[in-house]
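What follows is chain A paired twice: with chain B in the first complex and chain C in the second.
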Partner chain A sequence: MGRYLVKRLVFLVWILLSVMFLAFLIIHLLPGDPAQAILQQGWTPQLGAALNKSLGLDKPLWQQYLSYVWNMAHLNFGTDWISGQPISQTLSQCLPPTIEMVLLSQLLALVLAIPLATLAALRPSGIFDRLANMGSFGLLSVPTYVVITLLYIPISEWLGVPNSGPASYVPFTQDWLANIESLSIPIIALSIGSFVVYFRVFRADLITSLQDEFITMARSKGISKSRILFRHAYRPSSVALLSAIGVNMAGLITGTFIAESVFQINGVGGQLLQATQQPDYQLIQAIVFVTATLIILINFAIDLLTGYIDPRISRD
Partner chain B sequence: MTDYPPPNHIQPSPFAQSPPAFPREDHSIHEPAMALETPGEIDNEFIKEKRKKLGWFFWCCVVWFGLNVFVAIFVNFLPIQDPTLEVATDPNLPVNSGPTAAHWLGTDESGRDIFSRILHGSRVSLEIGFGGMLIGFAIGGTLGVYAAYRRGRFDSLLSIFMFTILAFPAIVFLIAFSAVWKPMDLNKIIILLSVASIPAVYRVIRGSTLAAASREFITAAKVQGASDFRIIFKEILPNILPTAISFFMIGVATLIILEGGLAVLGVSVPPPEPSWGNMINEGTTFINSPNSGVGPWLVLFPGIAFFLLLLSINTIGDKLRDFFDVTEGKL
Partner chain C sequence: MSAESVDETAEAVSAVDNATPSKKIRLLPPDAPLLSVQNVTTSFLTPRGVVTAVSDVSFDLYTNEVVGIVGESGSGKTVLSRTLMGLQPKRGVQVDGSIQFATPFTGTADEVEGPMDENPLVGFEIARAKESELRKIWGTDIAMVFQDPMTSLNPVVRVGTQISEGLRVRLGMSRANAKKRAIELLTQVGIPSPEERYRMFPNQLSGGMRQRVMIAIALACNPRLLLADEPTTGLDVTIQAQILNLLEQLQADYKMSVILVTHDLGVVATRTDRIIVMYAGRIVEMGTTRDVFYSHRMPYTEALLGSTPKVADPSHTRLTTIPGRPPDILNLPQGCSFAPRCKYVTEKCLSERPELTPSEATGHFFACWNPIPARAVPVASPRASANEIGVDSDRD
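Moving on to the complex of A and B:
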C-alpha cells in the first residue's frame, strides 16, 4: 500500500502541474493582448502598456509562469482585472451550489442503484433483471441535458416547486430544507444519468462475482445468503463501481453546468460561461484550475479507495 | 517476399498421428452459471452451443442509423423547407406552432420549421461523431498499436503523456478553449473533440494490442520470420478489430453527447447552423419564461432525435461486440 500511495501521489502532483501548465497556456498563447480585452473600446497603446506593466504581463514568460505557479499553489488567485473583485470571493460564491449538486446527485444515484442492481443480480435473466437491463440500456442513450430539460416541467409541477429558475437558491447554512428544495429538480435530473451507469456496472459485476468459486465455497459452508452478499460479493463488485464513478465525473460536470445554465443557478458552470462570453481570461483560468483540481482529487481518492478494497491493485 | 517457408513445407511431425493428449470437446469450460439462486434448467442452455444472432432489434437500429446517414448526406436535395427560413423573410410562417400538416414537428419562435432543422442537425451530429472518432482512431489507434507492439521507452513515455491528458477533465478545458478560440466552427469542434478522444482510443487499442501480441500465434509468426508489417496487419489487426469497432461506435455516441452538451451550453457550432444541441439550447427559454409561448416540443423533438440516434449507435456497438466476442475456449 505504501508504494502504491507514493506512486499515486507522484502522479497526482504531476497531473496538477500539467493542469496548471495548460491553464496558463490558455491565457498566454492567446492571439491578442489581455489589456485589449480588459479595456475594450478604451484601449490605447499607452494605456495598454501601462496596464500590462501593472499586471506584470511585461515580464518574460517564464517569470510570469513561476509567479503563477506560486500563486496557484497558495490558492491565491488575485483580483479580477475586469470586475475588480477578488477572484477567491467569486469562487466561494459559485462553488457551494455546484459541489452540493454533484454530491447529492451521486448520493441519490448510489442509494438507488445499489439495491436495485442487487435485486436484478440475484436473479439474472429474471423478469426484473431483463426489464431493468433493457430500460437502463435505453436510458443510456438519453443525454443528461435532455433529461434535465424534459423533466423540468413534470417534476416541478409534481413537487409544487415554482417554475421560476433563477434566484431560488438558498445557502445551506441559512435554511437547509429550503436549500435542498431549491436544488431538488437539478439533483433528481442529474442523478438519473449516473444511476443508469452505476446500476449497469454494479449489476454486471455482482452477477460475475456471484458466479465465482469462492461464493460456491461460502455457500457450501452454509453461510447465509445475506452474509454472502454483503460480506463476500459486494467487496469485489464495488471496484468497477468505484472506477465508474470516476469515469462518470466528466459527464456529471457537463450535466451540472447545463443544469446551472438552464435553471440559472449561480454555480461554477454559469460563472465559467459568463467568463467565456466576456472573455474574462483570469476567471476562466482560475475556474479551470479549481474545477480540474477538484475532479482530479476525487479521482485520486477513488484510486486510493480502489487500492484499499482490492489489495491486488495496490500491490503491483 | 517468401522469407519463411509455406506451412506445407514443414516436415510432418512423427507425433502427428498420435491422439491428442486431451479430448477436443472439453465441456468443463461451459460450466453452468452459478448465482445464489440457480434454477436447474439453466444447465442445459449453457451446454448447448448457442448460435449467435444479431436479432431484429439490431437490424432496426442499423436501418435507423442508415436513414440518419442518408439524411445527413443528401439533406440539401430533400424536398423540405429551408431550415433558416424565418418569419422575418416570409410573414406567412406560423410562429411557435405545434405540429401541423404543413410543419410536421411545429415551428420555433422565429417560425423556422423544426422538422427541417432536425434533418439538417443530424449532419452536424454525425460529422462531429464520426469526424472526431476517425481522427481519434487515425492518431490514437495508430500510436496505440505501435506502442504496444514496440514496447520499450517509446511506449512508456507516450503512455505517461496519454494518461496525463486522460486525467484532465476534458469538458472544462473544452469550454475554456471554445472561449479563447473564437469564432467556433464545425472544424474546430471536431479538432477539439478528437484531441479529447485520442488518449481514450490509445488506451483501449494499446490494451487490446498488448493482449493480442502476447498470444502464441504471434510468437509463431515471429519464429517463422514474418515481418513486423505482416504481423501487425495480418495477425494483430484482425484480432483487435472487434474491440476497435465496438469502441468506435461507443466513442461516436460519446462525442455526439459531448458536442450536444457544449451546444446546449452555447459554446459549440454557432446558432444559425441547425444542430440538435442548439435547438435544445434555444428551447430552454420555455423553462425560464413559461409564458413566452415557446412550447416543449422545441426541446422534445431534438431530444427524441438524440435518443433514437444514440440508441441505434449504442445497440450496433453493443451487439457487434457480443457477436464478435470469441471466448478463448473456442479458439
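Moving on to the complex of A and C:
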C-alpha cells in the first residue's frame, strides 16, 4: 500500500504541475493582451506597454513562470487587475456554494443509487430491474435546465420549501438550514446525472460479482444472504463505482454553471465563464489552479479508497 | 464397501413420504447411509431447450467412505456434486429425485414414530429443501472444496476472515476463538507461518496454498460429508499429490465421508473405496475401486483407463485417446450415449439404452449391452494400490 500511495502521489503532483504550466500559458496563448483587457477603450500602445511593464509582463517567460509557480504554491493569488479586488476574496465567495453542491449532490446520488442498484441486481431483468433501467435512461435524457424548472414546481410550489426559489442563495455561515434549502433544487438536479451513472455501474458490477464462484463458495458456508451481499459482493463491485465518482465530481466542479446561472448563485463555473469573457487572465489562472488542485485531491482520495477496497490494485 | 442397498434406501425414501400424514417423524435405521441418492436428474432450462446434465443417478454413501466420481469434461460430474449439496441455483434449474442426507435428530421421543434410537437420525431431503433450510447444513454437515481456488476465494477478503467467517457465523465463536481455530486449521492443512498467512489476501498465496486454504474453509465447521470437486485440477502435479494426501489424511482424522470428483483415474485409484464412472450425465459403471479397476465391464471405463499415462511405458509412447468427442447433451443419441465412440458397438447399442446391471462375477454395476468379459479380481482391501493397477497415481 505504501509504495502504491507514493506512486500515486508522485503522479498527481506531476499532473498538477502540467496543469499549472498550461494555465500559465493561457495568458500568452489567448488572443488579445492583458493590458488591452484592463484598459479597454482607453488603450494606447504607450499606455499598454507601461501597464505591461508595471505588471511584470515584459519580463522573460521563464521568470514570469517561476514567480507564478512561487505565488500559487503560497496561495498568493494577488489582486485582480480589472476589478481591483483580491482574487482570494473572489474565490472564497464562489468556491463554497460549488463545493457544497458537488458534495451534497454526490451524496444524494449514492444514497439512492446503491440500494436501488442492489435491488435491481438481486433479480436481474426482473420487473424492478427493467423499470429502474428504463427510468434511469429517461432521467438521463432530460437536460439539467429542464429538470431544474420541473423541480421548481413540486419543491417550491407544492412543498413550499422556503428559500428554494431562484436568487435566494444564503451562505452556509449565515444560516445552514436556509443555505441547504436555497441549494436544494440545484443539488437534486445535479444528482440525477450522477445517480443514473452510479446506478448502472454498480448494478452491472454487482450482477457480475454475484455470479462469481467465490459467491457460491460463500453460500456453501451457510452464511446469510445479506452477509454474502455486504461482506462478499459489495467490495469487489465498487471499484468501477469509485472511479465513476471521481470522474463525476471532477466534471461537476466546473460543470455546475447551468444550475448556478438559473439560480443566480455565484459559483466556480459561472465565475470562470465570466473571467473568460472579460478576459480576466489572473482569475482564469487562479480558478484553473484551484479546481485542478481539488480534482487532483479528489482523485487521490478515490485512489486511496480503491486501493483499500481492492488489495489487488494497491499491490501492483 | 457395503452391499448395494437399493432396497433398503427405497424403504427409507418411502418412510419420508409417509411421515407427513401421520405428523410423526420416522427415524432412519442406525445403519442407514449418510447420503442416499435416488434417481437424481438435474436439468437446466435454457433458451435452446431443456439440457439434462445429470440423468437418473442413484447411489449410497456411508459414513467414513470415500467415493470417486470419474468422468471427462461435460460428463455431469460437477453439476452432480453441486446438486448433491443443493448449491444449484433454484431458478432455471430443475432437480428431480431424492437426495437424502442423514442428520442427527434433535427433537423429543414423542415426536418420533416407533422406538427412539440411541443416536437418532432423520433424513434431510436436499433435493427439495429451500436455501434457508440448506444453510443449516451447509458448512457444518456438508462442505465443498471448489475446483479453482483462484476464483472461488474472495479476492478482496483476507484469507483468515474467510476461514473464521463460518466459525463465527455458524458456530457462534468469539472473534478471538475463531481466529485461534482458523490458525489451527491453517497449520493442519500444512501452511507454514499461519499467523502471517491469516492476514494475507488470496492473490498473495500460491495455487497450492490457496487450495489448502480452500480445504481449511471447508473443514472449519467439522462437516460429516466433504465434496471435493476436482480439487487438484489447476495445480502442479507435485502439489496435486500433496493436496490429495492431505485430503486423505484429513478424511481419516475428521472421520468424514468424501466424494472426490475428478477426471483423473490416477487420483481416485488409491484413495477411494468406490468409484462411480459417469458418461453424458449417467452412471455407466459403479463398484469398489478394485472391481472397477480389475474387472471393469463398460468399454468407456476401459478407454478411460487406457488413456491414463503410465510411468512403466517407454518414453515417447503415444498416449491412447478415446476417438470422437463427448456427446452434445442437448442432442443425445437414442441408445447408449457412448456407442458412437465405442469399439465394441452393436446394433442394439445404437437403438436401446442399457440400464445399470450387476456384474455376475463381482456384483458391481455397469451399463452395457456388449460388456468386456469379467476378470478375476485379486482379494485384498478395497482400495487398490497404484503399483497393482499400473496407474501412475501420484505422478510425483
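The rule we apply is simple: the second predicted complex is superposed on the first by the 281 of 316 C-alpha atoms of A that agree within 3 Å, B and C clash if a C-alpha of one lies under 4 Å from a C-alpha of the other, contacts with A are read in each partner's own complex, and residues count from 1 in each chain.
Keep this in mind: contacts are C-beta pairs under 8 Å (C-beta built on N, C-alpha and C of every residue); 3 or more make two chains touch, one makes a residue touch a chain.
All of these numbers come straight from a predicted model, not from anything done at the bench.
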First (chain B), second (chain C), both or neither touched by A:S141
first
Touched partner set for A:T216, first chain B, second chain C, both or neither:
both
Contact-wise, after the overlay, does A:I87 reach chain B, chain C, both or neither (first, second, both, neither)?
neither
Which of chain B and chain C A:T149 touches, first, second, both or neither
first
In the superposed arrangement, does chain B or chain C reach more residues of chain A?
B
Classify the contacts of A:L110 with the two partner chains as first (chain B alone), second (chain C alone), both, or neither.
neither
Look at A:M72 in the shared chain and tell me whether it touches chain B only, chain C only, both, or neither; answer first, second, both or neither.
neither
Does chain B (first) or chain C (second) touch A:D310, or do both, or does neither?
second
Chain A positions within both the chain B interface and the chain C interface are 216, 219
Of all residues in chain A, those that touch chain C in their complex:
212-214, 216-224, 227, 231-232, 235-236, 309-312, 315
Within their complex, state which residues of chain C touch chain A.
85, 87, 131, 134-140, 143-144, 146, 148, 151-157, 165-166, 169-170, 201, 203-204, 214, 217, 220-221
Chain B residues touching chain A - in the complex, by the definition given at the top:
33-37, 164, 167-173, 175-180, 182, 253, 257-258, 260-261, 264-267, 277, 280, 283-284, 287-288, 290, 296, 299-300, 302-303, 306-307, 310-311, 314-315, 318
In the complex, chain A touches chain B at residues 11, 14-15, 18-19, 22-23, 26-27, 30, 121-124, 137-138, 140-146, 149-150, 152-153, 163-166, 207, 210-211, 215-216, 219, 225, 228-229, 249-251, 253-255, 257-258, 261-264, 269, 272-273, 275-277, 279, 281, 284-285, 287-288, 291-292, 295-296, 299
